[in-house]
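Everything on this sheet refers to the single structure shown next.
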Amino acid sequence: MRRCAWRRDSRRPMIRNTRHARVEWGDCDPAGIIFYPRYFEMFDSATTALIEHALGMKKIEYLKAYGFAGHPVVAARARFRLATRFGDDVSIETALVECGRSSFKVEHRLSKGGALAVESLETRVWVGRDAGDPTRIVSQPMPPEIVARFTKGGVTATG
Amino acid sequence: MRRCAWRRDSRRPMIRNTRHARVEWGDCDPAGIIFYPRYFEMFDSATTALIEHALGMKKIEYLKAYGFAGHPVVAARARFRLATRFGDDVSIETALVECGRSSFKVEHRLSKGGALAVESLETRVWVGRDAGDPTRIVSQPMPPEIVARFTKGGVTATG
Amino acid sequence: MRRCAWRRDSRRPMIRNTRHARVEWGDCDPAGIIFYPRYFEMFDSATTALIEHALGMKKIEYLKAYGFAGHPVVAARARFRLATRFGDDVSIETALVECGRSSFKVEHRLSKGGALAVESLETRVWVGRDAGDPTRIVSQPMPPEIVARFTKGGVTATG
Amino acid sequence: MRRCAWRRDSRRPMIRNTRHARVEWGDCDPAGIIFYPRYFEMFDSATTALIEHALGMKKIEYLKAYGFAGHPVVAARARFRLATRFGDDVSIETALVECGRSSFKVEHRLSKGGALAVESLETRVWVGRDAGDPTRIVSQPMPPEIVARFTKGGVTATG
């Protein structure tokens, strides 16, 4: 995997995005705190927002434009540092931290009132429809144009 | 953290459980595959089933019996190896792999047709209500009786 | 709309199915009871199970076999009579109660310990891909073979 | 049930609220359209927002302030007129249309690009903890102050 950037490397700008969300009643469990799979739902939306921002088009458009089927997660990890509860307003800072030939990594940092509540790192692959069976998906190289956009602003692929 | 067991250590039995589930239409996204936060929902239910099995009572009963508020996840990681689709029948093997003073680790291995599709490891803490503010939760030591049950069958805490 | 059956009409057999489910921790809200949208998730799975039974194939297969895109809900209503809580085992009796040219109605009765907890009625349409724009869906007549199976006498399945 | 307002009765102001939401990838099913239980999740959040506006406090605060356990839905119905897809921006107009002694009705109208996509009516009850068993909930009269706020003339909020 070609490393293209790491978010804490201050010399290298990279694509990033910040979103705001509210933890809702229905996101919470009988202990009154968020049911943790809801964080992964928020992160999936945050990654989509990041890519939409980078490509300048909505997901439904970029799926068509580049003839691909999605960018499913193949690995994810998260640390839940502070509990959040219904009514909490949170912000999610999302950054592309690495990109390879057919996969990329995205980091999310979710904060509440300025304090880091959750951090997560996910690896996604670029997939298309299988030529032999269009109901199946297979990983495929990311188009050079996408890589260029993902690494824009000096976040160059380094080989 | 006292190590009590590691699942691949064949000399040591430990608590484990297997569940069966079906991936439903509503669990899947427009690419036709499962939306990955749904796996964490399945794993949460699987952990509950494991503990219910170990303690011989339902969660609603063990929360009351031990006066605690839950066992939220503080860290989770997963690898998604094979995509699953609506209608797929999967089995989830769940094992307690480590337990400490106020936390424990649980591993899940989800298979489809005998092939490993997802593996996940989660760390959970034992929490109670804060004495000063009952709407807040705080971690607390696991009762010795719970530790004994979790490490039953030779899965002894090793210090 | 051609009436094909009404479940309380004892002279007319119809297709029906019963499923069993458990209300999980993650299905419940901070009041400790199920978050009601989860019932609609259960009902959607129950309708799929009913149709799979009637047609003798899985949804992924019948979508291919009949070249259609799904059977989305166009109207739904429900009465929530008894609250259910995490750990509750419920059973869902599902019956096709009416079928028309391109739509059909399904009734669900969810019980807990023999007591009716929720009843719901939904109307679904049979849809295919729009010829001009395959990303769009349009309602279309149900194949006669499907109607025949849906209105078949005495098709009572359990499981 | 005392009628306090009906939204189409132009002589009577009532409380109402408008929210904006985006249909996300994870809200959609393999047909590429929203999985309909997600609408009920949106509506639950919209009702909370309406009440928070009317009472001038967050749900977590008003549950404490009025010593109650929530306002669960006892009946709901919806018509889904237009499909929505991932990336669609929708607006939800929510209005309190009736209030009684221990229950109230809320109407939601969800639009996409100015066109009505979904309309829904829900009945909710005001519940507290059962004195004999605090894990159970029971309906109770709404405090007069709440009724006064809910039926206050001209309380039209947006946001």
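A few remarks follow.
Letters are used for the chains, namely A, B, C and D, taken in the order the chains are written, and counting of residues starts over at 1 for each.
By definition in this document, contacts are C-beta pairs under 8 Å (C-beta built on N, C-alpha and C of every residue); 3 or more make two chains touch, one makes a residue touch a chain.
Just so it is clear, the model here is predicted, and its values are computed rather than measured.
Interface comparison, A-C versus C-D: the higher number of contacting C-beta pairs is recorded for C-D.
When chain centres are set by their Cα atoms, the one at the greatest distance from chain A is C. Averaging Cα coordinates per chain places chain A and chain D 31 Å apart.
Our note on geometry: chain C versus chain D, Cα centroid distance of 25 Å, whole angstroms.
Chain A and chain C have CA centres that are 35 Å apart. Taken residue by residue, chain C touches two or more other chains at 25-26, 29-32, 35, 37, 41, 44, 60, 70, 86, 135, whereas all remaining positions touch fewer.
Looking at the complex, you find that chain D touches chain B at residues 25-26, 28-32, 35, 37, 60, 64, 86, 135.
The touching residues of chain B, when paired with chain A in their complex, are 29-33, 35-38, 40-41, 44, 69-70, 72-81, 83, 127, 135, 137. Residue ranges of chain D in contact with chain A, taken from their complex: 22, 24-26, 41, 44-45, 48, 58-61, 70, 85-87.
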